[in-house]
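Here you go, one structure.
Which chain is which? They are A, B, C and D, in the order written, and residues in each are numbered from 1.
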Amino acid sequence: MRQIPRWADVVLVPLISLLLAAICATAVILAIGQDPWEAIVTMVTGALGSAYGWGYTLYYTTSFIFTGLAVTMAFHAGLFNIGGEGQAQLGGLGIALVLLYIPWPHWTVALLAAIVASAAFGAVWAAIPGWLQARRGSHIVITTIMFNYIAYALIVWMLVDVLRPPGQAEPATARFAVGIPALSDIPGLNLIFSDAVPANISLFLALIACVGVWALLWRTPLGYEIRAFGKSEAAARYAGIRPVRTVMIAMALSGALAGMMSINNVMGESGRLLQNSSEGAGFIGIAVALMGRNHPFGVVLSALLFGFLYQGGAELGLWTQIPIDLRVVVQGLVILFTGALDHMVRMMLGLVFAPRKVA
Amino acid sequence: DPALIFDLGGKFDKSFNEAAYMGADRWKKDTGGSYREIEMQSEAQREQALRRLAQSGSNPIVMTGFSFADVLTQVAPDYPDTKFVIIDSEVDEPNVRSVVFSEEQGSYLAGIMAAMASKTDTVGFIGGMDIPLIRKFGCGFAQGVEATKPDATVLVSWTGSTPAAWNDPVRGGELARAQIGRGADVIYHGAGGTGIGILQAAADEGVLAIGVDSNQNALHPGQVLTSMVKRVDVAVYDAFTQGEAIEPGTVVLGLADQGVSVAMDENNADLVTPEMSAAVEEATQKIIAGEISVHDYMTDDSCPIAGF
Amino acid sequence: MRHGPDSEAAIELRGISKAFGPVQANKDIHIRVARGSIHGIIGENGAGKSTLMSILYGFYRADSGQILVGGRDTPIPDSQAAIRAGIGMVFQHFKLVQNFTVLENVILGAEDGRRLQPSLAKARRELARLSADYGLEVDPDARIEDLSVGHQQRVEILKALYRQADILILDEPTGVLTPPEADHLFRILRGLREQGKTVILITHKLREIMDITDEVSVMRRGEMVATVRTKDTSPPELAELMVGRKVLLRVDKQPAQPGEVVLDVRDLRVSRDGVERLKGVSLSIRRGEILGIAGVAGNGQSELLEVLGGIATATGSVRLNGRELDLSGREDGQDRRHAGVAHIPEDRQHLGCIMDFAAWENVAFGYHRDEDYRSGPLTDNAALKADTAAKMARFDVRPPLPTLAIKHFSGGNQQKIIVAREIERNPDLLLIGQPTRGVDIGAIEFIHKQIVALRDQGKAILLVSVELDEVMSLSDRVAVMFDGRIMGERDAATTTERDLGLLMAGMEA
Amino acid sequence: MDYATLLQILDSTIRLAVPLLLACLAGLWSERAGVFDIGLEGKMLVAAFASGAVAYITGSAWAGLAAGIGAALVWAVLHGIASITFRGNQLISGVALNFLASGMTVLVAQAAFSQGGRTPALSSSGRFNEVTLPFADAVREVPVIGPLYADVISGHSLLVYLAVLAVPATWWVLLRTRFGLRLRAVGENPAAVDTAGVSVTRLRFAAVLIAGVLCGIAGTYLATALQAGFGREMTAGRGYIALAALIFAKWRPWGALWATLLFGFFQAIALRPDVVPIPVAALEALPYVLTVLVLAGFVGKAIPPRAGGEPYVKER
């Protein structure tokens, strides 16, 4: 296949994929007899047109950064972690447990505890499939899917039979005593976000995580080992990189990142653990990572894009006849074009960039 | 404008939510007014939906389902000028009106009809999510059966313990088949969207079913004995008509004020014998008059008769 | 009766060209192969031999050029067409379905009828006949994965014959065979020639060319530089044609001055999925000597290297400079490197480096936790790149670009980078597997010099190679492995190919 | 648990196992040819919707079946284009198509029927109704096996028997025909097929399309036999359980039958808390837990087709 310049591969490929996805989405909207322009206007105004809209857009973005990083981390170890959903919800469970059963003096301490708990729970939930893959050779894609379902059942049981306060009908925990400041509570920012928004300080946590992941992958021996292992297990063995250890570490880190997403939605937004708290963010992480070319900084951008898509989509469901499910369609299209049809896109570009002859 | 939020299970669950939709729709036709509506997609969405509507100036905001209780307690104080109406649950806030129904009464009547229609002397109740509210249905139903045929058995099953239980027709169908297998020939459901599967299975297996919330007799004419109609539509209609002026507090709708009833129409005309309608009529009067007091599960969270 | 090379052409290629992206694999190739002859093709790695043959077999499509079969212009768009034209090919890497039986593999794609039974029955009869005619015995019901490489190769030949091929192409067929197996193969090929079939034989081994071919064509860098009658040429001439300059085919080195024992292996045993791959190997190497391990691929040499390199686990005892090494897997490749073991793996592209990584990242491969490449907890990429540039200069790696992905270097240059990485660590023990596989004569010369130099610095060197000449010319002592055992040890100076060949075939000499 | 109850559970076991079986066979065809397919879920879903919608509009179950298969085939072709033609990542393609399916079905259903992503309930003519096998009533009186035949074996929709027949059919084609031989070869070593002059692409597409057809039937069964119409997300993860069953079955047709029956049985007892006093959540998790154990090789190791998941690139 023809070589295309690296910049084109990094910049053009995702953009073109996105464009193709957008075209298909437009076709879909037209097909269901709606007005794409109206849709776009609604989405833009709803998601970016007001501080309130930004409040939600950034809220979703935060979650997607975490899950996107989770998928990215696993990807570099050559693992396809579809279990973000379950890992995120387990992370939520971890948060619920530490916040419900321990009285915290101050939210800052509680936040630290929440970080540890969510990361730990998510990590464990991802490390088990990791272990099964490394030691027993069970296909990680299937196991992580299974673990999503098991997590779902586990959470239901916890919420219904264990954590549900007496007399409450819906399966959910009691409200936590402590929460974290929303952007609207932060002096300075509250000038922009006048009324309450769900976006909270975990946004900054997510950005820190990005830098952390980047440094880990490209500036530390551990990251080197993870990436090398992801490229070739046989070669990694030769270089003294231990497969089981590497897979477990990579999956644990991946799960920890997914779990930490719950700081945003469970501790931050809802202030209690609900059923299906992650709302599919675990899956969106796949699209985010692919769109972001599995680079932390790319992940931030595509997370923002999907944050927009999600808030905008919610607004569609609210103000237009276009069902909220359009989000899922776009999500699918993005994954399809960026993740599965990327060769097609490259071929298209290959025709543009004529081959340089050597030899 | 007023706004209406449908719970999981969706606007067209042919049952609870759809009843609410009917009310709103009738109001729209009558007054030519317009309203906003949202369907919940997931648990975690409720708060955003409420806030978004309040923030965009909808008033009053009507929501169907107890699941909103907790969120509403959080949100209502933030929007003191907005009126909220919650159906099926009580929220004690100055700007909230709570509408609840005496489902036990309607279910009692359904129980009477079931008992009289049953040839096997075995009838079934399939609840959606296993929560006090729905046990209230089952309990009233059991009492109705008990009062009519003391030696009849009432089978009880639940579709689940999460809101997903409101929208799981496959499971509903299988549960119905199971009860039919165990001899039930009349099945009463309180399972929202799941009920579609239950009514379907009953029809397929050639036994009678009893619908809930909306009048579901028409879904399988001649195979739905009746429906325990809960006038959610009325509640919504009233709320919309009174608009921002609606006064807070709790309203209980029972047989007396036609809040609940058993549906009689051409679809079940040949299923309902004169004796049946007579018995129903009599019971209705006695309940209104207070001569029969139907035990409400939620008062003491127990139902000796049905055994839960 | 025997046809001479002067009879009419079975195959003629005119102006064939083929490019892979930037790589011009074949440039305007002309070649004429006489019917009923054995025609050899030689050339450096990457010269374009396999590409050319794949084009002839319809596996690749030429960018331009013309193919004549039996004098008639025959376009060959796909393998089906090649088969129809009576061309059969035995690839460098066999194309067999491992868990199918020989029969199933033979009929695959050549079935007659939708149902299998009739085809299988027919193939069974046909195979019996072919085996008889050409001495191609193989059990039709055996599963491929249970067959030896030699037998698998026969299946490939049978596949071609079953499809009535009368032109048979073999791409480096002897690389994987023991000398006896190779002799058997050549008997088969001669038999085919007797039957009037045409054979095109690709090989790197000049000796084979001289042995069996009637004519030989030489390729260099994608071009056909010469076609000569075998009896009119000589190995040195061919080598010169290949590389384009004079090369000395023998390594010149002083006799070794062995010092104290560095590596001492006792009763080493390795089992993998139930099969015992090493059955009690014992050997020892001293400072300043090269122990060569000869043997056909797959007789335990790989396992031996992997155990010593810390990749595989084993039982038994290995002492390095008197210190007992852990074989249970608690020590990994990095621990070995710290202990002073460097390892140039047999398969450079799958073990030795990460093809997608840049050259500089590959220079850290295995040493990525070393202090000199670290600044605090982070890696010191600047230092690493500088070091890479220096190594490239010393080893004359082309192109000298540390940031170029290693997959874009040629095979020989990839090997140079790996050799640089491993020997510049100044190890006590150097493990070398197939140092020159897939490397052309020019680079071979260079790498051989490096190895000998290292020996003379007093390192202990374990050399594993399937190339008998290489083992014999480089080593001081030669041990032959067969079926997980050391069949015997010889002094490289005095032993003969025949002697080693028997050992390689498992015969106590 | 008495015999009658057991029969009921077996009866619903069959009802619940059939979609799993069809999907599992679909996966078997696809993966035996070396194409992973986690898109089974999505294919079933679009098929369920298309069949539900068309069966409602035309009032004909058969029209529904045709539509269901058609829709699933469209998805199959997309998967083929992405993962065979353009050598994309098969897993990612499958994931994408699943999302596409769950979004599109609701979108279109809403646009067409505006019933909250559901299709209107089907009349009996629009459904594959239960057929009674010969002598069902005659033998009912026979002790033990009588009721078994009359109540469990007999009295299912036509598609159920179709699904069961698909098992021997798959077995025969795969192991006894030229097509089957080549298909298996493509899943083990595509290069062998390619050098034999047979098109890898065509074979793999064929396999993917067969998978499409089977998923189409599975989806149609859900919407027109098990249920009377399509509901959002009505496949409820069956596609993934089918994959698990496929591994459990070690990629063999008869194994697929037993595996799916087993998983169907789990789902059936999960519906009967009255017989098995285990928390429902636990029962629901059971198939997934079991699958994990199978994958972990605690219940017998499974070797997938060697070339599985690998897009075929010519090289020597």
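As a convention for this text, a contact is a pair of C-beta atoms (placed from the backbone, for glycine too) under 8 Å apart; a residue touches a chain by one contact, two chains touch by 3 or more.
Here the structure is a predicted model, which is why all the values come from computation and not from measurement.
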Chain whose mean Cα position lies farthest from chain B: C
A-B or C-D, whichever has more C-beta pairs in contact: C-D
Centroid distance [mean C-alpha coordinates] between chain B and chain A, Å: 38
Distance between chain centroids, defined by C-alpha means - chain C, chain D (Å): 46
Distance between the centres, which are taken as Cα means, of chain D and chain A, whole angstrom: 30
Approximate Å spacing (C-alpha centroids) for the pair chain B, chain D: 36
Chain D residues counted as touching two or more neighbouring chains: 117, 281
Residues of chain B touching at least two other chains: 39, 161
Each pair of chains that touches, named by its two labels: A-B, A-C, A-D, B-D, C-D
Interface residues, chain B side, partner chain D - complex: 10-13, 39, 157-158, 160-161, 167, 169-171, 173-175, 177-178, 181-182, 193, 196-197, 200, 204, 219
Contact footprint of chain D on chain A as seen in their complex: 28, 31-34, 80, 82, 132, 136-139, 141-143, 145-147, 149-150, 153-154, 156-157, 160-161, 283, 286, 290, 322-323, 325-333, 335-336, 339-344, 347
Residues of chain D touching chain B in the complex: 4-5, 7-8, 11-12, 15-16, 114-118, 121, 130, 222, 226-228, 231-232, 234, 236, 268, 271-274, 280-281
Residues on chain D engaged by chain A in the complex (per definition of touch): 38, 78, 81-83, 86-93, 95-104, 106-108, 110-111, 117, 237, 240, 243-244, 247, 279, 281-282, 284-285, 288-289, 291-292, 295-298, 304
Complex interface listing, chain B residues touching chain A: 36, 38-39, 41-45, 47-49, 51-52, 55, 66-67, 69-70, 78, 89, 131-133, 161-163
